[in-house]
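Here chain A shows up in two complexes: once beside chain B, once beside chain C.
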Partner chain A sequence: MRQLSDNALARLRNGSALPDLGGTRYSLIEKVARGGMGVVYAVKDEHLQRRVAMKVLEAPGFESDLAERLMREARVLARLEHPGIVPVHDVGTLADGRVFYTMKFVEGQRLDEYIESLTSTPDRLRIFLRICDPVAFAHARGVLHRDLKPGNVMVGPFGEILVVDWGLAKILEEALPTEPMGPDASTLHSRAYCADGMMVSATTGHGSVMGTPGYMSPEQERGEIELLDARSDIFSLGVLLRYLLSDRPPVRSSRRLDHALAAICRKACAPARERRYAAMQELTADVSRYLDGLAVAAHQESIWDRLARFYRRYRFFVLLIAAYLLVRVILLLVIKH
Partner chain B sequence: MAQDEFTGGDERFPATRWSVIVGVRSEDVAERERALDRLCEAYWKPVYKYVRLRWNRSAPDAQDLTQGFFAEMLGRELLNRFDAGKSRLRTYLRLCVDSFVMNEDKAERRQKRGGEIQHLALDFAGAEQEFASGTIDASAIASPESLEAFFEKEWVRSLFGLAVEDLRALCAKRERDSAFQLFEAYDLEGDDKLSYAQLARQHGLAVTDVTNALAWARREFRRIALERLREICGSDSEFQRETRAVFGRSTC
Partner chain C sequence: MNKILLGLLLGAVLGAIDGSTAWFTPAVRAQMAGIIVGSTIKGLIAGVAAGIFARTVNSVSLGILFGLAVGFVLAFLVAYMQHGYYLEIVLPGSIVGMIVGYATQKYGVASAAAR
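Up next is the complex of A and B:
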C-alpha cells in the first residue's frame, strides 16, 4: 500500500472536502466563509458568466437534519424578496450528495466594520432604520430572523444594507397557513456563531437554545421557542441599536446616551416582552421621530428635555432670534449711554 | 450478503450496504472472514503505530502485539461487544488495544501462547519505513487527547492509502491511467507551487484536460473513501460523524 505523507494527506482531505461541482453550471473560485451550518464558496456561474455565492454543507454526508435545514433556509430566503435580503438563485444537491443553494455574491463590509466610518448619531440611526426594513418585511411574511447582530448585517459597495444568515429563521406557521415549509424551527437542533466565533447550541427543558449570547432575547435564551414572536427580534435590534450608538458590544457599553435614545433602547430590550415595542413599525416610528426632533413614545419628557429637544430641532431660528435680541440689547445700551 | 444496521440513507451515496460490524457477527464463516479482512486492512497500521508510540515498543514487539491483537479480536469476539450507540468503532478499538497490551504485560501470556497465533500477512516493513521517514513526530504525542488525534490521523492515513490503491486499480480497469498519474503528481506528490498549467506542460495535455481528469479522479477517490469508511463504521450516525471528521476540515 502506498505511503501517504502528511502533505498528501492534507491535500487529499482538502480536495475531498471541496464541493463536487461536476455536472453543475458552477465552477469553484474560492472559499469565502464558514458558518454554523455550512461553508460559503465563491463560484462562477458558467451560464451567466457571473460570480455567485454557494452555501453547502460542511462535509459530504447525508445528515438529513442539516440538509433539511439548509434547504429550508433557501426556501425562507426565496420567499423573502426584498432589496435588503440576499436573493437565492438556485438550490439542489451536488454529485457528492451535499445540499447547496446559490445566492447573490455580496461584496462589502460587515456592519461592525462599516460603522467605524460613520461618526454622527443621525447617520447611524438612518443605517439602523434601513436594517429594520428587511426585518419588518420578514415579520410581515411570518418569518423571524432570531440571530440579528452586527455580524449578520452586510453593507454593500453602494451602501446597500443586507440582512444575512437566515439559518436560524423561525416561520410563524399561523402567518402562512397555506404554504407548509417543512419542520418548524423549534423541532430542529441548530447552531449559531456569535461575534467571537463561539458556538452556542444547547437544549433546555422547553426546546433548543439558538442564537448569540448578548443579542438573544431572554425568552430565546431560556429556549421558550413557543413564546418567540416579533418582539424577540425587536430585543436583538434594541441591542444592535445600542451597539451602533456606543461603538461597543452591548455588555461592555458604558457610554451615556441621550435620554430619548436610551429610552428607545430600554424599551426595545425590556426583559419582559410585554414591555417591548409590539411591532417593528412602533420601533422604527420612534427612531424616525427622534431623527425628526419629535417626542418619542418610549420617553416621558421633562420640561428641560422638551426645551432641549426644541432647541435641537429649531437651533437655527433660536440662535437667530437670540442674536437679534442680543443686538437689540446692545443697541439700546449704546443709545442710552 | 448480511444486512447491516444502516437505516434510511440516501441513494446518492455509496451503494455499499455492508458494515464490518454486521459481517463479523454473521453466522456465515466466509462473511466473517471477509469482514475481519476489511477491518484488519483498515486498522492494522494505525494499531501497529499506536503500539509503537503509545506503549513505546520495539518493532518486533509491536508486530507481535499487533498480530496478537487481531487474533484476540477473532478468538474473543471483541466486536460482538461493540455498541455503536456508545462510541465510535475506532475509539472502541483503540481502547481494546490499550486493554490488550496491559493484559499482555501483566500475564505475559504472549510467550505462553507461542506459535498458536494465526499470523496475518501484514507489511510491517512498510509501516516501519513510515516511522523512519519522519512522518510521525513522537514528541508531539504526550497527552491522551493527542494520542486520540494521533490514532485518528493514522486511521485516516490508512483509509486514504487504501482508497488510493482502489483508485489506482479502478483507473487501470477503465484505462484511465493518465488520470491517476495526474492525481498522483498533483494531489499525492505535488506541493503548493505546482500549477495545473505546469502539470499540463509536463504531461503534454491541455489545462482543461488536466482539470477534468483531476476532478474525475478526486470524485472517484471521495466515493471510494466514503465506501470504505462506511464499511468500517458501526452505524449510520457513526458514519456521518466520521465523514465530518475525515472530510469536514478543509483548510483551503
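Up next is the complex of A and C:
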C-alpha cells in the first residue's frame, strides 16, 4: 500500500472542505474568512459576471440548527434593505447539502483597522453616527444585531460604512417588514418588547449566551434573551463608541474622555438597561448635539463645563475678542509710559 | 438674521465700544462724542462690507482677511484725518474688522444665490 505525504493529505482535506458549487451559477475564487457559523468564499456569479461573497455552512445538513440559523441570517439581511447593510442576493442548498447564501462582496477595512487613519474625535464621532444609522434602521424593522463590535463594521473603499455579520441577529417581531419605517422609537420599542416574549422560543431558542465578551450587554451575558431589546445593542454601541474614542479595547481603556462624551458612553453602557438610552435616536441625538457644540442630555453641566463648551464652540471668536482686548490694554500701557 | 444686517449691527456695536475706549486717552477726552460717532460709522461700514462679502464668498479665512483689510483701510483713513494716533486707531480697528469678517462668515443667513 502506498502512503500519502502530509502535503497530499492536507490538499485532500482542503479539497473536501471546499463547497461543491456544481449545478449553481457560481464558481469558486478563494476563501475569504471563517466565522463561527460558516466560511465565507469569494465566488464569481457567472450569470451576472461579478464577484460576490458566499457564506456556506462548514458541514452539510439542511435540518441542523446551524443551517436554520444561516437561513435565518439570510432572511434577516433580506428584510434590511439599507445602504449600511450588506444586501443578500441568493440563498439555497449546494449539491453537497450545505446551506449557503450569497451577498455583496465587501472590499475594505474592518473598523478597528480603519480608525488608525482617523485622528480627530469629531471624525470618529461622525463615523460612529454612520454606524448607528443601519442599526437604528434594523431596530425600526424589529431586528437586533446582538454582536456589534469593531470587527463587524466594514469601511468600504469610498468610505461607506457597512454593519456586517448578522448571524446572531434576533427578530423581535415578525410582522414588521411591510410597515414603513417610522421615527417613533418609543412606539417601536414597546411593541418590539411585547412581541419579544412570543418570538424567543421560535427564533433564538435556548437562552444560551451568544455574542462577544466585553461588547455584550449584561442581560445578554446572563443569557436573559427574553429581556433583550434595542437597549442591548445600545450597550454594545456604547462600548464601541468608547473604543473609537480611546483607541483601545474597552477592558483596557483608561484614557480620560471629555465629560460629555464620557457621560454619553456611561449612559449607553449603564449596567441597568432602564438607565440606558431608550432608543437609538436618543443616542445619536446626543452624539450629534456634542458634535454641534450643544449640551448633551446625558450630562448635567457645571458652570465650568458650560464655559468650556462655549469656548470650544466659539473658540476663534473668543480669541479674536481676547486679542482685541489685549491690544487695547497694551496700547493703554504704552500711552501711559 | 441676514449677513449684511448682522455685519451692520455687530460693526456698529464694536465700533462704538472701540471708540469709547478713547476715554482712556486723556488728551482726546474732549472729543469723545465725535470719536464714538466716527468709530461707530467706521465699524458699520466695515460690517456691511464684510456682510456683502460673506454673501458672495463662503470662506472663513477669506472673510477674516477681507475684514482685516477693510478695518485697516478705514482705520488708517481715520488716523490720517486725525494726523496721528495711527497705532491706537489702526491696530484695534483692524481687529474689529477681523471680528466682523469672521462673524459674518460663520453666522447669519446667506442669500439664496450664495447658497
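One rule holds for everything that comes next: the second predicted complex is superposed on the first by the 293 of 337 C-alpha atoms of A that agree within 3 Å, B and C clash if a C-alpha of one lies under 4 Å from a C-alpha of the other, contacts with A are read in each partner's own complex, and residues count from 1 in each chain.
Rule of thumb we're sticking to: a residue touches a chain if its C-beta (ideal position, glycine included) is under 8 Å from a C-beta of that chain, and two chains touch if they have at least 3 such contacts.
Everything numeric in this text was worked out from a predicted model, so none of it was measured.
Asks: For A:A33, select first, second, both or neither according to whether it touches chain B, chain C, the two together, or no partner.
Replies: Neither: A:A33 stays clear of chain B and chain C.
Asks: Based on the superposed arrangement, let me know which partner A:L307 touches: chain B (first), chain C (second), both, or neither?
Replies: neither
Asks: Just chain B (first), just chain C (second), both, or neither: which does A:I321 touch?
Replies: In the superposed model, A:I321 contacts chain C only, not chain B.
Asks: Which holds for A:L332: it touches chain B only (first), chain C only (second), both, or neither?
Replies: Once the two structures are laid over each other on A, A:L332 reaches chain C alone.
Asks: If you tally the residues of chain A touched by each partner, is the higher count for chain B or for chain C?
Replies: Touched residues of chain A are more numerous for B.
Asks: Residues on chain A in contact with chain B in one complex and with chain C in the other?
Replies: none
Asks: Any idea which chain C residues touch chain A in the complex?
Replies: Chain C residues touching chain A: 21, 24-25, 60, 87-88, 91-92, 95-96, 98-99, 102-103, 106.
Asks: Quick check on the complex: what are the chain A residues that touch chain B?
Replies: 1-18, 20, 22, 30-31, 39, 58-64, 93, 95-97
Asks: Report the residues of chain A in contact with chain C in the complex, numbered from low to high.
Replies: 316-317, 320-321, 323-324, 327-328, 331-332, 334-335
Asks: Which stretch or stretches of chain B touch chain A in the complex?
Replies: On the chain B side, the touching residues are 8-10, 12-13, 123, 126, 129-130, 133, 135, 153, 156-157, 160-162, 164-165, 187-191, 215-216, 218-219, 221-222, 225-226, 239-240, 243-244, 246-252.
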